[in-house]
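What follows is a pair of complexes built around chain A, which joins chain B in one and chain C in the other.
Here is the complex of A and B:
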């Protein structure tokens, strides 16, 4: 029973995709929407291939990916370290957990103009905004994972003579691991989204920069090709981190 | 058990939660004294909240008493003593990210057993509880009864002289706990350990114990000690014997008024009902 229903779900998904493409094509037929506002699909897909040849996208992709990797590393190291330190004391958890959760709800993108002043138009300001936004889910999940490990596990380990290090390494860490991993996955994704957002606001290079300068030149068809590419990169990142999370969970089981 | 040396001495132990004078202060245990002989199986029974588990945790060094002290082999208990005392808990405390055998081995690692010895010893104790075929399963793949047997295997693997069991079968259905009780009686008769076993079940207490210590409603005091003169291991026909039933009824009489007292205090039944 399971297999056909899963196949059916995929077929419906595919159907929706085809319907969207069909609607797009139909809307751009003669007498439809102005091609300056919505370019027809076929030139967009043709332009997509040009991205890898004449209209080389690689330098800009490299800029964005570098910013992303740096931001993710900074946010992971700072978020996990701070989360670990806070989780060491119940008092610190009571003070900082609500504080950080409150800060998380503030739209951090509002800091971007400030970061532009601090770090300039180059990659610095993008790394800063990506790090800021990715930091919160990582630190909050690290606290949630480590501070709320089932007390029964800790009592049992203590009764068998576990040292502080053994307790952390063999009990706390594996118990918290899935929750921390979820934080890291969310951090990876929001870092990418906010870096792209930052690049479209103000930048010198990167995927977002290309898209916004094409829009300013009214080259909507090429702009759409670039958007398509950015979407694909976002999907690839999502697939990779989701896969890594599943792998990590299995490895710790 | 008179004449045998006492390995565990509980000396007027009291345990209160909350500061003195606080209206919410709860006295869980009040000057409980008890000697437990080497090789004895003692069951602690009493109404909910009478401090049975508290007493067990104090004996095992997981909690410290407000007043009084516990000594094991003449040494005052001030914290967990993993070389001497092993626990089997009511809730499942197996680590779900480790296989059955790795759970047993991890306990030994905590206790300080040499790495080369762990595999053989873990297999031995899993064989003793009849789960040698489930070494590579994860706890999540086992039934409740099997999980408790693995917890028992983990405790046995520590080769301690004393075993403290806190309602280990409480979460299981009656048929499973009957079978586990019989197996436990056989197993424990072989190991010769000193065991303190907390339970709610009157029949289970009589079936397993050399002595049953009945505690009063809160604050828990020792109300009576009942001797069960019956050799180990006990067979299933002991469960249906008139001797067991007589002792069980005696326990029921002792506990009945204590349980009613507890429930009136909690407002669960009315006085005189």
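Here is the complex of A and C:
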């Protein structure tokens, strides 16, 4: 009974896809929606292939990916280090954990105009906003992972004479690892989203910059092709990061 | 580790000390080293607060943002919960539709922001629509998650006692869903705020995002920091309200 219902679910999903594409095509037929607002699908898909040849997207993709990798590295190193230091004492956890959680609820994107002043229109301000936004889930999950390891494990390891390093390496780290990994995954994804957001607000290069400048020139058809590309990149990043998390989780066990 | 000596002060007190220490470092650092065009000491931002609150244009901007956030939030919660319940209550729709929703959720909305502006203009409508596009997904996902946690034995018991659909909904599904409603509302609120501000920063003629950008571009850091502080206070308050609701209504659930 299980198989046919899964097949039916996929059929429904296919149906939705066809319906969306059909509605898109139908709406842009002559007499439909203005093509400046919604371009017809076929030129959009044609424009998508042009992205890899004449209208090369690689330099902009490289800019965005470089910003993303730098931001993720900065946020992971600082978040994990600070999280580790705080988690060493239960008192520090009680002092800093609510403080960081409170800061996390403030929309950090408001700092972006300030970062533009500090770091300029180039990659610097995007790296800064990506790092700021990715830092919080990483540090909070590192604290949550390390500080709430079951006390029984620690007592057991201590009573068997484990040194500080052994305790950390063989008990704390494996126990905390899945939670820390979740933080890193969330950090990777929000960093990418906020970098795209930053590029949309103001920038000199990058995927977001391309989309915005095409929008400002009213080249909606090419803009849609670029949006399609950015969405695919986001999905690829999502899949890679989720896969890496699952992999890391299994590798640790 | 197990020393009987208690810490010198309570964690809440120590947190306050940390915050004050950071502010003092910022104050001293900014006074000694910073370029006043880019960074100001926090005391100047405090001085700028009354100036900001006496400017009717800025008061108006704050109200515009609150209005946009409020409308987008109400729409996100009502649409999100309805969709979440419709999708979540049926095993088949969940299997078929939920992956589509998750796929849409993973789309970076910043890339479609120009489209929102093209279709809704540069007024509040585009911000509300963009906020809605951010806020609706966490509400849907937590609502579906809440339905999933429904214990089937309760449903079977109710049905075997002859409850009809409406009775099952009001006395079993709905009370069971309250904690996840609040979780969804809190996540939705955070993202609605993010979406509205992002849209305001991108292009706008009013709202907090517009003035943040204006103050940054006119090199007026005291006003900028004061405005950021006001917004931070609003964000923390909204978040705390949702968190309180979450705690208050999930108490019976855990007990």
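As a working rule, the second predicted complex is superposed on the first by the 242 of 253 C-alpha atoms of A that agree within 3 Å, B and C clash if a C-alpha of one lies under 4 Å from a C-alpha of the other, contacts with A are read in each partner's own complex, and residues count from 1 in each chain.
The rule is short, and it goes like this: a residue touches a chain if its C-beta (ideal position, glycine included) is under 8 Å from a C-beta of that chain, and two chains touch if they have at least 3 such contacts.
Because the structure is predicted, anything quoted here is derived from the model rather than measured.
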Comparing the two partners chain B and chain C, which touches a greater set of residues in chain A: C
Which superposed partner A:156 touches (first chain B, second chain C, both, neither): first
First (chain B), second (chain C), both or neither touched by A:95: second
Contacts of A:110 with chain B and chain C, given as first, second, both or neither: second
Partner chain(s) touched by A:170 [first = chain B, second = chain C, both, neither]: first
First, second, both or neither for A:30, with chain B first and chain C second: neither
Contacts of A:234 with chain B and chain C, given as first, second, both or neither: second
Partner chain A, residues of chain C touching it in the complex: 7, 11, 14-15, 18-19, 38, 92, 95-97, 99-100, 103, 106-115, 117-119, 190, 193-194, 197-198, 201-202, 208-209, 212-213, 215-217, 219, 221, 224, 228, 231-232, 235-236, 239
Touching residues (chain side chain A, partner chain B) in the complex: 152-153, 155-163, 166, 170-171, 174-175, 177, 252-253
Residues of chain A touching chain C in the complex: 5-6, 8-10, 12-13, 16, 36-37, 91, 94-96, 98-99, 102, 105-107, 109-114, 116-118, 192-193, 196-197, 199-201, 207-208, 211-212, 214-216, 220, 223, 226-227, 230-231, 234-235, 238
Residues of chain B defined as touching chain A within the complex: 60, 62, 80, 82-83, 85-87, 89, 91-93, 95-98, 106-107, 109-112, 138, 154, 158
